[in-house]
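Working notes, beginning with the structure itself.
Labels A, B, C, D and E are assigned to the chains in the order they are written; within every chain, residues are numbered from 1.
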Amino acid sequence: MNGFIALIGRELRLSVRLRADTIMVAGFFAVTVILFPFGIGPEPGVLSRIGAGVLWVTALLAALLSLDHLFSDDEQDGSLDLLLTSPVSPTVMAAAKILAHWLTTGLPLIILAPLLGVTLQMPSTSTIPMMTALALGTPTLSLIGAVGAALTLGARRRGVLMPLVVLPLYIPVLIFGVGAIDAAVMGFEATGLYAVLAGFLLISAALCPWAAAVAVRISAE
Amino acid sequence: MHALANPNRFLKLGDRIQPWALGLCLICLAVGLPIALAFSPPDYQQGDTVRIMYIHVPAAWMSLFCYGVMAAGSASFLIWRQPVANMMARASAPVGAMFAGLCLLTGMLWGEPMWGTPWVWDARLTSMLVLFFLYLGYMALGDAFDRPEQGDKAGAILALVGSVNLPIIKFSVDWWNSLHQPSIFSMAGISLDSSMILPLFLMVGAFQTFYIVVVLMGVRTQVLTAKVRAARLMRGT
Amino acid sequence: MFSSDRQEPKVIVTDLAAQRGGRLIFRGLSFTAEAGEAVMVAGPNGSGKSTLLRLLAGLAQPDAGSLTRLPPENDGLRFAGHRDGLKSGLTVEENLSFWSAIYDAPEGSVVKAIDRFALSRVSDMPVDVLSAGWRRRAGLARLILGSAPLWILDEPYTALDKDNVSRIDGILSEHIANGGIVILATHQSPGFETSQTVDMATYEATYQALADEVLW
Amino acid sequence: MNGFIALIGRELRLSVRLRADTIMVAGFFAVTVILFPFGIGPEPGVLSRIGAGVLWVTALLAALLSLDHLFSDDEQDGSLDLLLTSPVSPTVMAAAKILAHWLTTGLPLIILAPLLGVTLQMPSTSTIPMMTALALGTPTLSLIGAVGAALTLGARRRGVLMPLVVLPLYIPVLIFGVGAIDAAVMGFEATGLYAVLAGFLLISAALCPWAAAVAVRISAE
Amino acid sequence: MFSSDRQEPKVIVTDLAAQRGGRLIFRGLSFTAEAGEAVMVAGPNGSGKSTLLRLLAGLAQPDAGSLTRLPPENDGLRFAGHRDGLKSGLTVEENLSFWSAIYDAPEGSVVKAIDRFALSRVSDMPVDVLSAGWRRRAGLARLILGSAPLWILDEPYTALDKDNVSRIDGILSEHIANGGIVILATHQSPGFETSQTVDMATYEATYQALADEVLW
């Protein structure tokens, strides 16, 4: 438990000091918010139609592009070897890293979502569904992505492999995520879609830290 | 079961099965293809384009089946450390990818006359494309390591994680209102004219036996490659 | 010290073999290290010292042979490899505090380690401004966070000056005197008594036959 | 000149073998293409309205997120020191890296743009304007971004600094880039907007490699 | 060799001072190195050896004093620091070919370097699978790409076994015999004649007053 908390603390600290992820997510919001209304003009209706899509593409990209370094930084400087020879189990380590990753890329997105909603002229009824869908979906992105990052750790042509491995697994989350927001906005019942997202989350929360841990161990060999 | 875990015994069994499978495959093709492409009745709605079905549907089923074998093989490789199971999984991947590609291709050919467009971003079509990419990812990952053992294990994990996509493909037609045909088989029974069932099943049989032949060949290649590697190791080069 | 509160530490290696990239690196390697022993792993570049130490640390699985470590859990182990495992963005103290939490070391361990490794002058500097030798020492300070009996060290003397080499030697021999085990690979000769030397050249596997079942 | 070519070759090779950038750009396209129609539905008109915006956000993100490593990888493994003590001038080095960066993130985007146009149901008249605007704008993104990457190289809190430095400088390019495409699609005269983009490109091509070189030298001290 | 086709190489250092992070590392450092000389830079960890070598290589500017290098251009210089500057994703040969293009070395230099540093066995392996010593050697092989008279080496012996230390010593003394200059910092004693030693301890600036204008 000690180790789990220490790992999260370290990841958060490093993220603020060295990595651009968190701020990049916020920065991307700024750009999206400035740019889309610019590109599309203030026509009502158009903006709000694409809100859910924009939101999820952001979430996906933020996750994907920051995942590249989830384990490889630690591998480069030798920390990974030391962590694997430490009393902290690899699964706990992977879980801590995944949680920290979500805290720095998924969470800011959820927090900023209402703001995006307003600037994209989405109806105010969409705020809660947006945040719910993101809250249920973004952790799954971090979880699945961690497995991809771990699997490709020691691989040749990692740059090509990682998206090939991860993107297919992301599609279902995206489909249901966008579906849930859109359903809610149009006044349909979205509970079923939330349930599917929650199901994905549960399955991946149960499997992914373990799978990532196994993959990391393999790459260290 | 345990006997099959030994590569040599597995190969011996394979030697016995392979000619039968090959013969069955040829018979199914010889009987099934003419019926499917010429003698079966055209659909009252779709006309002759319905004949694409006899390739499309078996290919779709086989691509799902191959992934199932791949996932099961990977699981028993990871859990019980059965090298043969992994070899089956790895041999299934290219066949599965081929079937997935065939399904996509015939689907697009079929979609052109039926829906007026070869492609829409509908749930079933998308998830099938995802399956195709998963196959590619699995094959690429398996070959991406300096140590083959590493590639085996990494690929096995990916296969397992990716298996969540299977139910999505299978039930996508029911979960979303899709352009795509719903399942032929349902609780209500078979919703297909009996004159179409025979050729369809002959083609399924042909594809299935073809799969068996190719997988046995693939496993044999892998066993031999591993032996060569072991021999090289012993020489220390 | 280590034996009083737990099991005697011990490492038993029998007939170990390892291959990398299709090349057999070593084979038939056996030795036993008891509490209070220092084992020196020697051999030319590329002979497999680091590979052996990584096997001992549990980072890789042997391709043949067996390996027993007592206690088997990782909290009895400290590994220090070619790379320090320090995060450049963090200060020396932040780095050590992190590892102390990971090792579940008692309160005050970090202060003690900083003191023992004479790091107090740099404890609040970010690791990336340290000179190579100081950085190395900061990495080695992990060893005495908590009290693990088995230390596996891959070229610990790299970049250290004479004074610091003897400082490390002092710490290592103290550890042995306390009933710990040190297994170290180095090209220099350590300044304390090592009880045995594993010479990698002896286990070189070139042109040696290896039974089928070893590989399968 | 030898060194310039060697540097570009190395960067391209590393990009394929280790970094996810190039494929990520293609992967992002796949996702955008899959996702937006999913999220928005196949309603004609809506998709085509947002095409330009989507395109530019992609370009921006691809540039921004891959820039993080433009110099820092070389700094980490010591290559940067060796390059700075080599006969190749730092300005040439920066120029080579910038060009390689554009080749791996900007160029794929331009090449794939027509495809995106089709899937986003943009009118076929928009293909040439899209490619022209991207061709004039994306090199500027790489150029400006390189200065940002170099400036924040040795900085503490780099993660926060880099987007802060780069994003404001990107906005003008984006505004004119989107404007040019939209103008062309709506049948207006876009030459003026192209000229502005070209102007940005010329100025930054003249200044940025030099500025990046100075910044890199300072950080190496 | 170097003097025949160009100017005699030479390094003149006068009254050099350097500070880092507000701390004066050394001051009043002077020496001259002529063609055919080897200068050893000695001193404990953190005494400023690496800092001095980086000044000499032109990677940093002195805070006081002057520094003349002949020839002044970088193509007369090879620097090798703590880190190897090899790209893990590329093979040894790809790495060396890259540097040979950067140094504008004549055709065949890479083959010669691989041969001279006995790297042929690993030349098509990606750098990240090499053992520490082989990797170090691959990094040093850069030195003989092209023919630069001035070599500045920061702890070149790290991770090398005895045979390879003498291989490097052989290459360095050959370079000196050919009229080159070697300036090296190390904690070991090199196996060839060094003509002078710069002891960093002599120039330590702690507790020393220094005129304001030197630092500002």
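Criterion: a residue touches a chain if its C-beta (ideal position, glycine included) is under 8 Å from a C-beta of that chain, and two chains touch if they have at least 3 such contacts.
Since the structure is predicted, the reported quantities are computational estimates derived from the model, not experimental observations.
Asks: Spell out the chains that contact chain A while also contacting chain E.
Replies: A chain counts here if it touches both chain A and chain E, which gives C, D.
Asks: Count the C-beta pairs in contact for every pair of chains, then give the pair with the highest total.
Replies: Chain pair with the maximum contact count: A-D.
Asks: Work out the mean Cα position per chain and let me know which chain is farthest from chain B.
Replies: E
Asks: Of the chains shown, whose Cα mean is nearest the mean of all protein Cα atoms?
Replies: When every chain is reduced to its C-alpha mean, the one closest to the whole-protein mean is A.
Asks: Rounded to the nearest whole Å, what is the centre-to-centre distance of chain A and chain C, using the mean of the C-alpha atoms as each centre?
Replies: 37
Asks: Distance from the CA centroid of chain C to that of chain E, rounded to the nearest Å?
Replies: 30
Asks: List the centre-to-centre spacing of chain B and chain D in whole Å, with centres computed as mean CA coordinates.
Replies: Going by mean C-alpha positions, chain B sits 41 Å from chain D.
Asks: Could you tell me which residues belong to chain E and also touch two or more other chains?
Replies: As it turns out, chain E has residues touching two or more other chains at 82, 126, 129.
Asks: Any chance you could list the residues of chain D touching two or more other chains?
Replies: If we look for residues of chain D contacting two or more partner chains, we find 17-18, 34, 38, 156.
Asks: Spell out, as numbers or ranges, the residues of chain B touching 2 or more other chains.
Replies: As it turns out, chain B has residues touching two or more other chains at 126, 146-147.
Asks: Inside the complex, what are the residues of chain C that reach chain A?
Replies: 54, 57-61, 73-75, 77-90, 94, 97-99, 101-104, 142
Asks: State the interface residues of chain C toward chain B in the complex, per the touch definition above.
Replies: Where chain C meets chain B, its residues are 19-24, 205-210, 212, 215-216.
Asks: Provide the residue numbers of chain E that touch chain C in the complex, in ascending order.
Replies: Within the complex, chain E contacts chain C at residues 20-21, 43-46, 49-50, 82, 125, 129-134, 137, 155, 158-164, 187.
Asks: Can you check the complex and tell me which residues of chain B touch chain A?
Replies: The touching residues are 78, 123, 126-127, 130-131, 133-134, 136-137, 140-141, 144-147, 149-150, 153-154, 157-158, 160-162, 164-165, 168.
Asks: Which residues of chain A touch chain C in the complex?
Replies: 2-3, 5-7, 9-10, 13-14, 17-18, 77-79, 81-88, 220-221
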